[in-house]
Structure formats: C-alpha cells, structure tokens
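Each chain carries a letter (A, B and C) given by its place in the written order, and its residues are counted from 1.
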Amino acid sequence: MKKNWKTLMLMGTMVLGMGLFTAGCGSSSTTADGGNGADKTYVVGTDASYAPFESMNGEKIEGFDMDVLSAAADAGGFKVQFQNTPWDGIFLTLKNNDRDIVASAVTITDERKKELDFSDPYFEATQMIVSKKGAELKTLAELKDKKIAVQNGTTGDEVVTKMLGKGSPNIKRFENMPLALLELKNGGVDAAVGDNGVVLEYVKNNGAGEFVTSVDSSFEKEHYGFVVKKGNTELQKKINDGLKKIKENGKLDEINKKYGFSK
Amino acid sequence: MFADIRWDALQEYFPLFLKGILMTAEITVISVAIGVVLGLFAGMGRISHNPIVRLIPNIYVGFFRGTPLFVQILLIHFAVLPAIFGKSPAAMVSGIVALSLNAGAYIAEIFRAGIQSIDRGQMEAARSLGLSYSQSMFHIILPQAVRRMLPPLGNEAIMLLKDSSLLAAISLPEVTYYAKLMAGKTYLAWEPYLTIALMYLVLTLLLARLVKFLERKYGTV
Amino acid sequence: MITVRNLHKSFGSLEVLKGVDCEIREGEVVCVIGPSGSGKSTFLRCLNRLEEITSGEVIVFDTNIADPKADLNAIRTEVGMVFQRFNLFPHKTVLDNITLAPQKVRRTDKAQAEANARELLRKVGLSDKANAYPNQLSGGQQQRVAIARALAMNPKVLLFDEPTSALDPEMVGEVLDVMKQLAKEGMTMVVVTHEMGFAREVGDRVFFMDQGYIMEEGVPEQIFANPQNERTQNFLSKVL
C-alpha cells in the first residue's frame, strides 16, 4: 500500500511540475509577434508533402502556396521564410508562437475559425474521391462500407468522419497525403479522399490509367486561406492587403496559370 | 495551465483512448509472444557451431537491431508486405509483423546471452547422460537461462509497449493514433498527449511490477 | 571394453594428447594419475567424446566414437561420467536430477525411474535428500548424487574426472567410500585422481600420464613401489 502511495505521489508531482512549467511559459511568451519592424520576417509553417501546393525540391520548399504568399508579402511589405512542418501539430506551432503563419493548403472551415484566424481566400478547392480503376467509387454514399484513407485532421478527414464517426475503424488516417495515397495504391484501402489539387497531381504522376477521381455533388466549394494565431489581426491584415494587391494586379492569375489552375 | 484544460474535449475523446490503449496492450502482448519464439530460434541459431546456420539469424538480428523501428514499420507496411501479398495488409497485420520481428531480434540477443551465461558443465553433464543436444537445451539449459532472462525480457516488453506508438504512422488505431486524431481535430496538445502519456505510464508501471513478481517467484537460481 | 589407439587431441596449435594407446577391460578399475596439464582429464573426456577427437581411434563396445557418424547419444547412455564440479542441475530436485535421463533417454516410466532413484540414493546414503535442491547439499553430498545420477542409466563403465578435487578434505572420504563400494560390485571404472591412496587401494591398474602420453602403466604395487620411468619416480616422490 505504501508503495502505491509513493507511485501516486510521483505521478502527482510530475503532473504538477508540468503545470507550473506551462504556467511559466504562458505568462512570458506573448512577445514573439508583438514587436513589428517595417520588414519583420515571419516564419511560415508548411507541410511540404502536398504537391503541387507545397513540396521539397532538394532543400528548397516550393509550390503554389509559396508563390502566392511570397507575392503577397512583397506587395504587402513584409518578409516570409518557409519552414517544413509536419501536418500533425501544425496549428499548435501557431499557438506556441513557433510559427507566425501556416501556409499549407488549409481549407477555411467554421470549425477551424473557432481556434484560428484566416486570411481572405486565395484558392478554390473541392474534395475529391480517388479510387482504383475497376473498383470505382464515385460518390460519398458508395464509401459507406469501404475502407478510406485520409490525411489526419484535413477536410477530407472531416468529410468521412462526419459520415462514419470518428471512431470508425474504416477510416485510416495518415500523417500526410502521399502515405494515404500510397495505401490506396497498395490496396490497403478502397478509396482516398483529399483536396482535388493534390489528388490530381498524384494521379498525374502515378499512372493516370490506374486511378479514377470523382467529386461528390454534396462536396461544398472550399477555399484555402493562410492561417495566423487567433487574435493576430495585425498580421492577418498585412496578408490580406498583400493578397488584395496581387489579385488586382494580375499576379495571382499569373501564378494560377503557372500551375495550370485556370478558372 | 491546468485550469484551462478542455475537459469537455477530453471527455469526448476518452472512450477512443480506452479503445486505443486496449489495442496497444493487445499488440504488445502478441508481438512479445511471437518475438519470444522468433528470438528463441534466432538466438539458438546464433550460438550454433555451423557458420551457415549462424548466417541467417546474424543477418536478421543485425538488420533489425541496426535500423530504426520506425523505418522498419514503414518499410514493412508500405513496401514489403504489399510486395508479398499483392496488396497492403491490414495495419494490424503489418504492425504485428514489424513489432514481432523487431522484438525477436532483441530477444534473440537476450536468449543468446542467457544461454551462454549457463555453465558449460551443465550441457556436458546432460550430454554425458545420453540426452541429445535439443533435449539438453530444452530440459537443462533453457529453464535455467529463462530465469536470468526475465529482467531483460521485461525491459524489452516495456520498450515494445512504448514503441508501439510508432504504429500510428500506418493508421493502426492504437492509443497514440487516437491522440493524434484528437490533436488534429481540436488543435489541443496537452489534453491528448498528457492523457495518453499517463496511460502508457500506468501500463509500464504495471508491467514492471509483473516482471518483479515473476522474478521473485521463479528467479531463485 | 574400451580400446584407444594413437589418440591425438589438439586445442588449436596446442597438442595435449600426442598419441595415447591403451585398453580398458571389463570389470577393472583404472586410475589415471599424473601432474596437472599432463592431459589426464582430456584423455578421459575423449572416452565419451565430450572433447572432439583430433585423430586416432577410441573404440567403445565395438564402436569407434572418433567416427563423426558414430551414434554418440547411444554410446553415452552406456558410459557414465562424474565431474569434478558435480554439474548437478540446479533447477531440479535431487530426485529429478536422477530420473531425468532414464525417463527421456531410456523411456523408463516415471514410477519405475523414481523407485530406481530412491534405491540409488539409499546406496549412496542420501535417502532423506530426494526432494532437496542441489544448493541445499554439501559438496560431498552433491557428488554422491552425481554418482547416483550416472548410475541411474545403468552404464557399463563409469568415468570419474577428479571427483574429489573440489571437495573440502573432510568430505573426500564419503565420496571415495561410495566409489570403493562400486568397485567391489565389479563396476568398470576409469578414475582420474590425485588420491594416491585410493589408486593404490582400489585400482586394478594405474596409468601414469605426462606430457600427453601414458608414460607408464601397471598394477598399483609396481607403479607405486617400483616405478620404472624416471618421470613417474619424480612425480611420485613429490606427491607421496
């Protein structure tokens, strides 16, 4: 019995210690985004496994999101520096002031708006179902009893979770979209659901004849936005100003064209 | 701070964590069991006098001890097993295969060390009575070796329990998978991760207790 | 019963036995004496091939056990061995130590094996220790159990590898008494020993080994009273 108490005390102490530690952090770490020089460099988190929006080219992060945000930054008079950041936990880096902006093909949703602030939309997207030729699955309803791969915490995840429930064993959540699509390719799942831009890019590069893509009519139009920490309206405004300028001066259209996203 | 803990969110996801920790325990138990069998054969192979018999377990142990478990999991689930079966197996299958193979390699070394720690005279006495090599191993050497192996085997089981968290990467629904799910949906970190950390801690403490108990019961020699 | 011809044994580049020839007849007690490092123990361990034989012949009951194809397990059931350090199985009781091999090798049923074991324990004077574990026994008691364990297989010959060297002096007697009793009953025995008294009293023949050879052999009276070989004289002058 005595030993049990000791164990309990130990655990209690540990939990308490952690609490104190965070309390200390909480009170002293609000300065990272406060000081603003004219061209402060903002650190941008992006999960560079999401071609064509963001991917690694050697050491360099490149893609649609980089081009758009860089152009907006130029126009808005601030600087950005991109940092590869795993999708799992990417929004926590904003909370912890580790990143100032997340630019990672993030869909603007009401759910997310509760915890985060978004810029104006810069891209229109939709969810897409991808399945294998010969075993086509074209509508959301057809996915009901199938195994579906998604990227953890994405809008694709949200769509199938809403349908099947978050504890469903048929939803296979992966850390990034390439792994989810690899699982589909290997036959571990019957379909994958993800953003159209990424799915199409993957299908284009991995044997167009092998996969079938489809958009369910119930999928709503989605918009990508850049994300900042909740309450960081100053940075939100800077980004929006920049976005507005590149929308007006045709720069955004130019980038869209470069990636083949014509309206 | 702790006053800010989102108990409501935790409450919502807690049933999933319970489901997950059961899966974690299940995977660990199965993998340790298979690992012990693999480790027994590989460990015996490694002490063989025949260099050809030694070769395969040496390569096996060398590979699985010399490469990260995480890489092994990805390799087995996304490449090796699909190549063998023509399609990805269930994550549970890949998970058990990866963890068992990894555990087997470490347990092989535990067996080898355990067997070699037994005095040579024991094998000689058994053989001089006309017992075959395998009879001597089974009746004389292994029962003594296993008692000495209990502490390192217990450590290995604890390691495996903790390392099973890596299986979240292949979407195996163990407890870390559900914690990541919660983090991905709620953008919370403390609530899911501290909770499962405590769950792991409870399991490892229980396991350590069990090993102590077995040691006291069987570790007389 | 056992014929050894030109037996050589090397450990790596070290040649321990350099050509041993001898004969051991049924019912006789052969004591092997000689200085440390003379190859006595190695010679004995070659007789049931606990040591791999480098070259030469060791014929045990018509089988050359130097032949790699020889059925060693079968030969070993007929050749019992008692070790310097007893080598009892520490995880088994005295009774289980004795009954294991008869049950597993001879397929004797359990009740029969236990009855035999108890009879053997009575013979070595340890009837009350059947359920003890080896670490609860003194050295002398352990060695007597080891002898009972070897006898349980009903061997045709018993090999003793310095059976009293690891014992405290006061326990040597009890072990030698058991061995004398066995000799009296006509058991064929090969005994590597430093107990010159035992060799003289119980041995039918004595081998003096040195430098990897049997330098001299003969009846004890001759070896001890009138050794021919200079090395034998030298050795005996030191130990007697």
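Following the convention adopted for this analysis, a residue touches a chain if its C-beta (ideal position, glycine included) is under 8 Å from a C-beta of that chain, and two chains touch if they have at least 3 such contacts.
Everything numeric here is computed off the predicted structure, so don't read it as measured data.
**Q** Given the two chain pairs B-C and A-B, which is bridged by the higher number of C-beta pairs in contact?
**A** A-B
**Q** Using mean Cα positions, find the chain sitting nearest the overall protein centre.
**A** That would be B.
**Q** Go ahead and note the Å separation of the Cα centroids belonging to chain A and chain C.
**A** Computed value for the inter-centroid distance: 79 Å.
**Q** Cα centroid separation between chain B and chain C, in whole Å?
**A** 46
**Q** Return the distance between the CA-based centres of chain A and chain B, expressed in whole Å.
**A** 34
**Q** Going by the contact rule at the top, pick out the chain B residues touching chain C in the complex.
**A** 119, 121-122, 124-132, 135, 139-140, 143-144, 147, 221
**Q** Please name which positions on chain B make contact with chain A in the complex.
**A** Contact set of chain B toward chain A: 1-2, 13, 15-16, 19, 77-78, 82, 86-91, 169-171, 173, 177, 180-181, 183-187, 189-190, 194, 198, 201, 205.
**Q** Which residues of chain C touch chain B once you look at their complex with the stated criterion?
**A** Interface residues on the chain C side: 48, 50, 72-74, 76-77, 79-81, 83, 85, 87-91, 100-101, 104-105, 146, 149-150, 153.
**Q** Please output the residues of chain A touching chain B within their complex, sorted ascending.
**A** It is residues 7, 11, 15, 18-19, 22-23, 26, 87-89, 91-92, 95, 115-116, 149, 152-153, 157, 161, 166-167, 169, 172-175, 179, 182-183, 186-189 of chain A that touch chain B.
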